[in-house]
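Presented below are the structures under discussion, each in the form of structure tokens.
In what follows, subunit A forms one complex with subunit B and a second complex with subunit C.
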Partner chain A sequence: MDKYLEMIRIRFLMMLAYRTNYYTGILIYAINIAAYYFLWLAIYGGKQTMQGMSMEQMTTYVAISWMARAFYFNNIDREIAMEIREGNVATELIRPYSYLGMKTMQGLGEGIFRLLFLSLPGLFLVALFLPLRFPTDAHTWIFFILSIALSFVINSELNLLAGIVTFFTLNNEGLLRAKRFVIDLFSGLILPISFYPDWAQAVMKYFPFQGISYIPSMIVTESFQGQAIIDGLLFQFVWCALLIIPIRLLWRAAKKRLVVQGG
Partner chain B sequence: MNAIEVENLRKEFKSYSSRSGLVGAFRDLFTRNYKIIRAVNDISFTVKQGEMVGYIGENGAGKSTTIKMLTGILTPTSGKVIVNGMNPHKEREAFVRTIGVVFGQRSQLWWDIAVQESFRLLKKVYRVSDKDYNEHMNHVIETLDIGPLLDKPVRKLSLGQRMRCELAAALIHNPPLLFLDEPTIGLDVLVKLKIRQFLKEINEKYNTTILLTTHDISDIEALCERVIMLDEGKIIYDGSLQKLKETWGEGKQIQFTFVSEMSLDTLKELTDGLQVTWKQGEQANVWTAHAPSALLPEVISRVVNCYSIQDLNINEISTEEIIRNIYEEGVVHG
Partner chain C sequence: MFYVSVFFQYMAQYMKTKLQYRADLLVEFVSDFMSQAANLVFLLVVFGHTSLLHGWTRDEILFIYGFFLVPYAVFGAFFNIWDFNERYIVRGEMDRVLTRPVHSLFQVILERMELESLLGGVTGMIIMAYAGARLHLSLHWYDIFLFILFVLGGALIYAGVFVSLATISFWSDARTSIMPMMYNISNYGRYPIDIYHRVVRYILTWILPFAFVGVYPASYFLGKKEWYGYAFLTPIMGIIFFAIAVCLWNAGVKRYRGAGN
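Showing the complex of A and B:
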């Protein structure tokens, strides 16, 4: 366990090594939240509610979704792909730890760092200008924290899967791009799932994406109440468990086929 | 005890080839041509604990592939590998605790952070106690002279500095077996000497087994008593460096620099009846005679009596030359 904690620390150091990235990061988050706020302002056009959400709830939804994204979002899929492409995966495999476990920990280190030092300041900045309303009920926050922890797991699992595919294709830039877009779209980050047509909502029930952004955001805006919260968390939890299976299978196959490129 | 046991080890790769032209490119979308390439072809050898072995071969001879199988990175197509009493692929995590690896061409340290942070992480990863770490690593850091580099990020180090840090990083857990894949590539003479001296020292101190691949024969001469030579995936020589020299490097080379230009025929005529071969050097007046040691005085006196010379050198045949000869002729000895 020690080594995994150490890895999180290392990741903090790595994030801090590039200060410019850090400051622009805060700005980018603030700009994104503001842009979506004005977009929704135009869409609401004075209407009180849409799909059961008030404008105030929607503003909070947007702000929270982006904040949560800072936490669950990571680049481990790209890193795995790069390490395979450049052959550095070799040096990772001669270390006495689980490669995928270590990558997940790096993602977690990155997530905690962004959450604390990037998105909280960004959110603070935004709260000065936009009318955000945060829940005061402690239970809501506890459910929310649980929920974004599960978001992180689901998203990282999807990233690992996409990364492992590189072992077979050796170059899957296209797949990684597509995956990123699909997640932003279908996780509810850009548009809450309740705004999609009924048939699309029905289809999305069978995919893990809404477990990444939609569920935690709905919990924290108190759009989910009672049973809906439990169902949401259960949905996330089941996907966390289910996604382990393809990862295990693919990883086993990948190790057999491993070709270390270059030298 | 044997540190490494390898029996009929084989590794095959699929190598894809592209068809030519636009039509070919479209056909490649559906079916691709490939052929099986045997990078390592049924090799067998054992290395005893405490041995320093040079593993040499031309580019693409299969050296790196072998090392990757021995370290558990690649799965062999067939054959048996036992390293430190374990199967590298089956028990990867337990196995890699017992080895140290340096790949000269890639860094194992984290690029953006200070060297000491990498060391600290590796110390945790290998579960090295503070006491062992201080005792062992202080010595390593001092010998390799990397103390002043520890707080610098890896990207700011020169190649020589980085290589010394890499070596130290591979030794944090003081492994009984060390794989070095071209550790001195691109390094200057002073750093090379320092690294060689250090390797000798840990070999004596801890009886560390070292398997070394290199293109620099002087590394092998300085460190290894035994060499394994590989060509096209097959072992063509496995034995002592001394014996290799005796079998292949018999005789001496005499380099004459004549005052005027010489032709091969006149020289051949001159040493007629003697077992001498002549080779031209870089200029028309520089010629090298290769002759058995016993004939040395005879050859020199015949040449000097008939022609005036500017300079004369007597050399042992270098290991490099021996190896070049073996590759050219492709004969197995030893």
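Showing the complex of A and C:
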């Protein structure tokens, strides 16, 4: 356990060394949030509510989901792909820790860094310009923190899966890019799932994507109440557990047919 | 004339290398298409809930988006200078470029050409054709020339802004994330300008004129008379911004001292 905590710490310190890169990161996120704010303002066009959400809730939804993205987002899929291409994965595999566990911990170290140095100051900046409304109920915050932790797990699991697929294809830049768009679109980042037509919503129930962004953002804007919160958290929890199965299976198969290119 | 022949020789080399890796090419097409599809899905879903967006109909907004994709594709195909700092300054590749008797910017552009981006323009034209047919737009014979002019103007605006940013590397070789930031700002040009706050509108028109890539020129074809003045400014803005970029580039090259090895 200690060694994994150490991995989180090291990655955190590594990120800290390059923190100036993150000042522009804050601006990038703020620019995106503002763009969607204006779009939604035009979409609401004076309407009080749409799909049960007020404009104020929607603004908070947009701001929180982008800032939460800074926390759960990581590039471990790309890192795995690169380590395979460069052959480093061979030395990693003989070390006395789980390779996938190490990658996840590095992702967590990065996530915690961005949470402190990008999300929180970013949210503060955005709150100066846009009318955000944060919940005052402590329970909502507890549910949100739980939910965002599960988001991280689901997103990292999907990244691990995509990374492992590289073992079989050797070049999957396109696949990784496509995955990112699927997640942006179906996680609820750019559009709450409740806006999609009913048939699409029905289909999305069978995919883990809304557990990444939609559920935590709906919780923190108090658009989910009572049973809906519990259902959402359960949905996330079940997917966290379910995704372990394909990871295990693919990982076992991948290790068997690992081809180290010039390692 | 010399530059034209250099252009075609680079192009031929490019084709040869790309056709060696056909599978990669296909993957790139698909992933480009996905990124456009994500934006389209957003628009289509949103218009399931409202019929007008600040007075613009669904098809008008689709048309603007489709138009935006065309100059953007031209820019993406020829001005792939995202990694100029790392590739040319840090690694010292610029030394090699400068020893040759062709303008350095021209060489850098040709070396980093990515013609497959042009396919995004085809997607854009399909979207425009679809939206235009539903809007019953009437076209004149000279519209095709205006279209080409506006597309070139839009691409030059993009090129001007991003080449100017790339020249920062001549003064400071620290890595910056200004380019991705600008990329995010440029996305504002895809939507009608009047949905934004006054200040944002002003910036998008005169300082970072991305509105001239999408909404202004597109509104000429949509017959929005109130924007005609801006639409016809598109090629002029393109030339001004690109000229500024070339001047900055030339000044930067004079200062360039090589990474030293």
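The definition used in the following text is that the second predicted complex is superposed on the first by the 260 of 263 C-alpha atoms of A that agree within 3 Å, B and C clash if a C-alpha of one lies under 4 Å from a C-alpha of the other, contacts with A are read in each partner's own complex, and residues count from 1 in each chain.
Heads up, the rule we're going with is that a residue touches a chain if its C-beta (ideal position, glycine included) is under 8 Å from a C-beta of that chain, and two chains touch if they have at least 3 such contacts.
What you are looking at is a predicted structure, and each value in this text was computed from that prediction instead of being measured.
*Asks:* Would you sort A:Pro131 into first (subunit B), second (subunit C), both or neither based on which partner it touches?
*Replies:* Neither: A:Pro131 stays clear of subunit B and subunit C.
*Asks:* A:Lys255 contacts which: subunit B (first), subunit C (second), both, neither?
*Replies:* After superposition on chain A, A:Lys255 lies in contact with subunit B alone.
*Asks:* Report for A:Met14: first if it touches subunit B alone, second if subunit C alone, otherwise both or neither.
*Replies:* After superposing on A, A:Met14 lies in contact with subunit B but is clear of subunit C.
*Asks:* Of the partners subunit B and subunit C, which touch A:Lys3 in the superposed model: first, second, both, neither?
*Replies:* The first partner, subunit B, only.
*Asks:* Of subunit B and subunit C, which one contacts the greater number of residues in subunit A?
*Replies:* It is C that touches the greater number of subunit A residues.
*Asks:* Which partner chains sit in contact with A:Ala178 here, subunit B, subunit C, both or neither? Use first/second/both/neither.
*Replies:* Only subunit C; A:Ala178 stays clear of subunit B.
*Asks:* Return first, second, both or neither, reflecting whether A:Ile94 touches subunit B, subunit C, both chains, or no partner chain.
*Replies:* A:Ile94: touches subunit B, not subunit C.
*Asks:* By the touch definition above, which subunit A residues appear in both interfaces, subunit B in one complex and subunit C in the other?
*Replies:* none
*Asks:* Considering the complex alone, what residue numbers of subunit B touch subunit A?
*Replies:* For subunit B paired with subunit A, touching residues are 13, 64, 68, 71-75, 92-94, 96-97, 99, 101, 103, 105-108, 110, 112-114, 117, 120-121, 124-127, 153, 181.
*Asks:* State the interface residues of subunit C toward subunit A in the complex, per the touch definition above.
*Replies:* Those residues of subunit C that touch subunit A are 23-24, 27-28, 30-31, 34-35, 37-38, 41-42, 45-46, 48-50, 52-54, 175-178, 180-181, 184-185, 187-188, 191-192, 195-197, 200.
*Asks:* Touching residues of subunit A toward subunit B in the complex: what are they?
*Replies:* Residues 2-3, 6-7, 10, 13-14, 17-18, 86-88, 90-91, 93-98, 255-256, 258-260, 262-263.
*Asks:* Considering only the defined contacts, which subunit A positions touch subunit C in the complex?
*Replies:* Subunit A residues touching subunit C: 21, 24-25, 27-28, 31-32, 34-35, 38-39, 41-43, 45, 47, 50-51, 171-175, 177-178, 181-182, 184-185, 190-191, 195-197.
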